[in-house]
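First up is the structure itself, then whatever we jot down about it.
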């Protein structure tokens, strides 16, 4: 049991050790906080890809919607920040309902529809300036609160909160994957007719995965908004929030549960510390090369390279 | 139980089924017969929801199901097998049955899964990967087991006996009779072997070029000159 | 108002012809290989920057850049094909991610070489305005329209009469049968990517002469091309042409009647509506349902 959970235990240990070692280094802790935000989105992306069988190029839409929803609800409706964070996730999930017709489209067309969808939200956020402040940005909204003596708006406080949130999302993901719904979705990937003919409502299950993925993405978008404490459409809906999670999930192995999370932190740190040092402008070119290389050499992720070659291992691995 | 009224199916310009009508009562075992390409599998696909009819009605227990989604028909109690077995990939045999039961029958009952595994002689393969670790005859039994796990009242069997030598076939016919009794099933079976139809079925419907050309007791049907012609015509070819 | 609308329709038709060229490149590779090249917009952009390069270095007319632009887009397009060809598993989705990654590489490559400034032509000839009764156009726009029409006619003729047209029809209907008939599908696919490169090079140069370009433009071009192919439904050239003109006019009308920021929104909404509710497109039939 311990051996099976070893990667998870190591990851949890690393998460606990980092603040002990780098707790005083605001720069590193800031990077870790952003890395964990990306990790949350990468997890959500991989959940949709692995369980729902859908590749999304538009998670920036859910990220931005969650960010704006939480910021606006806390600033204009006076909602306490912990609730507005959840509301951010909920509004993002709600916004994904508009994508439901796309679930009936086959893979590539779904990917394209969601790409267009992300563009639409970015334009809306810019145009609805009476609500969002438009391209001038939106800053007057509360930071993360202090609860029971812990200041969550500090880097250390945000860090721990994010560790717990990512952990909870991991557990939720694992629970869904292990459930009957997860089993049916696993079958759907390569035998859709056979799965539907025994009574599985494929579209409904995929819809639930889209909703869950959008919720998690919105939640982390909201967290990021309250940590950065400034929003503008070009930032909140930036393509970066779609690109980084894809690279992270592919890099870490999107068929695995922990891979995207570990991959996200690794990729984010690599991008900020290494790629940016080499190329201050256009450093994403390195990420592009990395992503292309991963797809060509190890589409199941780095963990997949070392994984067992048994049939179905890619799916069974956790 | 099942009633088809003037069901017509087209693929582009091709008429696959033309004005197919027949009705069957609960508890019947009906043999669906006809040369290759006569539309038997298309008929199964139409009843189970993979193919939408151009016109006509399909009534299951007096309820129109022609416009219903595939999965919804399975939940109503309509089970089917595929001629080329279609196991659910990346799942073990037991998981195949569990998914079928949870989603098709709407409940989780591991004891019943064990029973089906026993009945279909799959118990020793229960933990194997269904798509990659089963032999053809095991896959065919899994097809039936999956359908049974959804708790069907009507079962559509597509050439489940093909490829068996005569003794195994006799055993399997007895098995189907047992299933019919034990689970109170109504069965439609596609089968080429006239003798099998005669021993197993109370009734036979013959399709040729997408149309019903005979419908009645097997022995009468197989003496019908039109049937003999359609059958021997292709059998000799 | 009426005159403004007339002007919008006219300008929309002119820019629409370039959209058609971009869309046909995507439709061509999709038709041959069932693969959507998400880097196609970046390919067009690359050609546009070649036009900028030639014009800013030599002062020549941007159209003189077509040979250079073609050489570069052809090489990149074939490289994209060779990379896609290496994918063995889940080709449909993995190729999307791969071409997405190539798009990121190209966008950032352009950014590195040409910086993020907005560029447009300085050619006085192309910026010269011509008026026709109540509407007017820059010579650059008219030239782009004529060149696009000429390229599309050539493509139409080539698809109709060459070996490729027959082969691609055979391959896309049944790959195995086509191989039995002695058609090498890889040759067909390679030709499709090569011709898509030609189309991208002309479209990019034309785009530069009539509009402004910047490194971040690639994805928007790709999405516009999809909007067109989805509206058109089937990969027929007249269908794509009509859909592209429709998009161009719709965008221009939106800018005139509402605001320029809403320009892209209209295209996207149109795209989603057609995708969701008319899955066969406006002008044809092809199943997109999974």
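Lettered A, B and C in written order, each chain numbered from 1.
Throughout what follows, a residue touches a chain if its C-beta (ideal position, glycine included) is under 8 Å from a C-beta of that chain, and two chains touch if they have at least 3 such contacts.
Note that the coordinates shown come from a computational prediction; the quantities given were computed from them, not determined experimentally.
A.B. asks: What's the chain with its C-alpha centre farthest out from chain A?
C.D. replies: Taking each chain's C-alpha mean as its centre, the farthest from chain A is B.
A.B. asks: Out of every possible chain pairing, name the one holding the most C-beta contact pairs.
C.D. replies: Of all chain pairs, the one joined by the most C-beta contacts is A-C.
A.B. asks: I'd like the most central chain, judged by C-alpha centroids against the all-protein C-alpha centroid.
C.D. replies: A
A.B. asks: At what distance in angstrom does the C-alpha mean of chain C lie from that of chain B?
C.D. replies: Centre separation, chain B to chain C: 50 Å.
A.B. asks: Averaged over CA atoms, how far is the centre of chain A from the centre of chain C? Could you give it in whole Å?
C.D. replies: Computed value for the inter-centroid distance: 32 Å.
A.B. asks: Any idea how many Å lie between the Cα centroids of chain A and chain B?
C.D. replies: 45
A.B. asks: Could you list, by residue number, the parts of chain B that touch chain A in their complex?
C.D. replies: Of all residues in chain B, those touching chain A are 48-50, 69-72, 74-75, 79-80, 82, 86-91, 95-96, 98-100, 102-106, 108, 129, 131-133, 146-147, 149-150.
A.B. asks: Which residues, counting only chain C, touch chain A once they are in their complex?
C.D. replies: Within the complex, chain C touches chain A at residues 36, 38, 83, 86-87, 89-90, 92-94, 96-98, 100-105, 107-109, 111-112, 115-116, 219-220, 223, 226-227, 230, 259, 261-262, 264-265, 268-269, 271-272, 275-277, 279, 288-290.
A.B. asks: Provide the residue numbers of chain A that touch chain B in the complex, in ascending order.
C.D. replies: So the residues of chain A touching chain B come out as 180, 183-184, 186-187, 189-191, 193-202, 311-312, 315-316.
A.B. asks: If you look only at chain A, which of its residues touch chain C in the complex?
C.D. replies: Spelled out, the residues of chain A in touch with chain C are 55, 57, 101-102, 104-113, 115-117, 119-120, 123-124, 126-127, 192, 239, 243, 246, 250, 279, 281-285, 287-289, 291-292, 295-296, 299.
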